[in-house]
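One structure, as structure tokens, below. Some questions next.
Which chain is which? They are A, B and C, in the order written, and residues in each are numbered from 1.
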Amino acid sequence: MTTPEEKPVMIEFRDVHKYYGDYHALRGINGTIRAGEFFSLLGPSGCGKTTLLRTIAGFEDISSGAVLIDGKSMQGVPANVRPTNMVFQSYAIFPHMSVAENVGFGLRKDPRSKPEKAKAVEEALEMVGLKGYGGRAAHALSGGQRQRVALARALILKPKVLLLDEPLSALDKKMREHMQVELIKLQRQVGITFILVTHDQEEALVMSDRIAVMFEGEIAQLADPETLYRRPNSKKVADFIGTMNFVPCEILSEAGGKVEVEAKGLGRVTLDGTQAPPARGETPVVGLRPETLTLLYDGQQASDRATEGVVDEVIYFGDMTYYDVYLGGTDVEVRLSMRNVPGRPILDVGSKVQVAWSPDALVLFR
Amino acid sequence: MGNTPSAEAKAGWTLVSPPAIYVLLMLAAPLLLVFGLSFAGLEGGAKVSLPLQEGQDLHFTLSNYAKLFCWSASDTCSSTDVRMAQATATAMGRSLLVAALVTLTTVLLAYPVAYYVSFHVHPSKKSLWLFLITIPFWTSYVIRVALWRTILGYDGAVDAALGAVGIIDQPLNLLQYGTLAIVITLSHAYAPFAVLPIFVSLEKVDRSLLEAGQDLGESRWTTFLRVTLPLSMAGVVAAVLIVFIPTVGDYVTPELIGSGKVPMIANFIETQMWKLRNQAMGSTLAVSSMLIVAVVATLFVLANRRFLGGRK
Amino acid sequence: MKQGLGLRTYTVIYLLVLYGPIIILPLFAFNDATTVAFPLSGFTTKWFGQMLADANLRKALVNSLIVSLSTATLATTLGILAARSAVRYSWPGKGIVMGSIMVPLVLPEMIVAMALLVLLLAAGIKLSLFTIILGHVLIAMPFAVAILSSAFQSLDKSLEEAALDLGETGWSTFRLIVLPLVMPGILASFLITFTISIDEFIIANFLGGGEPVLSVFVFTAFRFPSTVPPVLALGTMLVAFSILLLTIAEYFRRRGVAKAGGKDTGGFL
């Protein structure tokens, strides 16, 4: 992972608000995106992520606040002169033009000669793996090919920022995974800022240097993928990214950044208090990811702590098995995942088990 | 990109203003004028003939409407007025009757066609079938109506066909039964109008609902009655209105088929407005007939409103 | 499917009846008899010759072409503005304005014609070919708006945004992207409104101030038995011409739908 902190700021949001009539679509967006960063806007549909992307492109006016690109306010700057280009969700390939005409569309006012432009088009096509496709009719392309044409068409103008609006959502699973890797490679090759809008948390985690998780017009957390996964700052973010078990707890004492809690079924634990933001009035819970819990088989010892449990449900996934387990004679149920390796039996419902865990993996939400 | 509401509204209004102004001047203004003229009279009850002469001043009067109710001779109703009122009422009644019969015929005959195209024609062929159904509608109305004279008339196609198979030995000359001939002609002319809205509503019927119906033990026929038909009623209502309203006001068919002997209300309006140059009375007839049609149409829609509930 | 077969037979018969008059028309146009009655007596093309020799008819033809071409141009232009505005922008009062534009679809033509007549008389405007055009644009515009709306609707908005994003202005986007993609719809609208205008009788008859046009010529001719056979020949040609125009219009409409990447959902209305 690169260290984007050292790079200059490319995009800055200053308290951006957007209203559609009475509807408050963006509610005070602040944050920066750095040059050369692969940045993702992640959230459920209707959270404002596409609207935010379109305020960068210039397709949406903002009601108040400011959007700056490369230090310049974009107030009153129309889309056609902004240093950004976009790959649309529908790809927006002009159906009445050939592939080459599509890719070269933005070069119409370019002062270069015709052969030079043709060469630029050919190079752009080569970059996205469509060498020799220039003469094809645009409407005869497959989904993946359209996506590549849309990429080439945007990148040929050498924008400072490439905006991608759910670019992979129309592709099937295999193609999507393939294109994720291609996009990462392409971004490293051209070195410009990529801003991706997606509702797919896996996609965001795989591709991004940093991610802004959005809910209801606000950025809930802006962090790198690992922090987002390991140290989500709210139950909502934790729930949206991957799976997390929540165990009710009671706060016993708090001192020097350490919080001592009594977690139901797990017992007394001392946790890092800095990861949990100040109280928001919610009942406190501790969160643990399924993969941080382990079942102890005969002869195995817990490296840290262990709790008794009873298996309630067994879900077989091929490479993994998920177990839903009641903790320590309580009604608290957690899900844990075990890799299926040779010699490790699949347990039955009702089995009494030992669940091993580590206080380090626990996150406090309150 | 004007996407603030006011900028967008401005762009939209600027674009739409030429056609909007056109409709305002060429449709709204004339209709308002007709409405106004229907309440207009001249000193001494002279007929209102546009353009007005020097010194003629229009005043407000209800006498034009009153003349429509001259059922018997009195101080205000001359015997001519009585004959006129009776003839007008007859023509209006005939117009409504003809339009009702035409609507009933076209909708009943069109439903199976719309159903066939929607449910039994392969999706790629649907627009071809619709095209075939609509073509006759786009060819000259006058020619199509006039042709029915030759088909229904003495020794026409109907007589020839029936005579050939020995059903009749005397020519029927259906043309002499004025109203019947008008109904046949208009039913034929408005047939595509009835097919299209029904087809559109049938297309919207979720096919899985039909499978659900049969899955729940309904037969094909009861599934049709309990699921498909109610769901397509919105289209049937639209078809009824789209056929009924123009047929009430049809002019060409009574002229060509009925030879002017069985006039409908449009022929009366034309007589007053054009032949007699009595534009106030013509306007009164136009407004009254539109009012009657509007009332009939509204009652019909209200009677069917439970089918229209889900529609925007 | 048994049920489908019954329905299919019915639909085919329905279509045959629908086409009946149009099929009978050329039979009598080529029939060597002055009366229009069965049985047919023999083949002739003399009615076509007689028709083409008629000076009044040639005058009517020229007038009709002037009226129909003007109507098609005006109605399509106004239709483009209305359809584009309705599809692309949201503005207050859209329902009322677009509804008013479509009203002539459900008003009896006699009402439209007489209302316009009253206005023209009151304003002291002389009846002429021009006043026919005024009326025809009014009744043709709803069809233009309907066809063009579906053409604009099948245009993905992101295509325009993409062009803007790639450096084009609003106008050059319209010229380079929107216009080429809705051109089939524009052609279809032009042909349909042309057909409506050339076939229309009531407005042409009452607002024309005595200027002969084809539909009025046909109407008048049908009332006198002696002129019927030549007018059948004229009718045959008009119907054939209408069907030709419609087929071309339908071809363009479909190509437009296919070009814009949309799904074909039906006919003109």
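Criterion: contacts are C-beta pairs under 8 Å (C-beta built on N, C-alpha and C of every residue); 3 or more make two chains touch, one makes a residue touch a chain.
All figures in this text were calculated on a predicted structure; none of them were measured in a lab.
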item: Chain whose averaged C-alpha position falls nearest the assembly-wide average; value: C
item: Chain pair, most C-beta pairs within the contact cut-off; value: B-C
item: Rounded Å distance between chain A and chain C, as computed from the means of their C-alpha atoms; value: 55
item: Computed distance of Cα centres, chain C from chain B, in Å; value: 19
item: Rounded Å distance between chain A and chain B, as computed from the means of their C-alpha atoms; value: 60
item: Chain B, residues touching no fewer than two other chains; value: 1, 5
item: Touching two or more other chains - residues of chain C; value: 161, 164
item: Two or more partner chains touched - positions in chain A; value: 58-59, 78-79
item: Chain C-facing residues of chain B, complex; value: 1-2, 5, 8-13, 15-16, 18-20, 22-24, 26-31, 33-34, 37, 50-51, 109, 112-113, 115-117, 120, 126-127, 129-136, 138-144, 146-151, 153-157, 159-160, 188, 191-192, 196, 199-200, 203, 220, 241-242, 245-246, 248-252, 255-256, 266, 269-270, 273-274, 279, 282-283, 286, 290
item: Chain B contact footprint on chain C (complex, rising order); value: 1, 3-4, 7-8, 10-11, 14-15, 17-22, 24-25, 28, 36-39, 78-79, 81-82, 84-86, 88-92, 94, 97, 100-101, 103-112, 114-119, 121-122, 124, 134-135, 137-138, 141, 145, 161, 164, 192, 195-196, 198-202, 206, 215, 218-219, 222-223, 228, 235, 238-239, 242-243, 246, 250, 254, 264-269
item: Residue ranges of chain A in contact with chain C within the complex; value: 57-59, 78-81, 84-86, 88-90, 92, 94-96, 105-106, 108-109, 139, 153-154, 157
item: In the complex, chain C residues that touch chain A; value: 156, 158-159, 161-169, 177, 180-181, 259-261
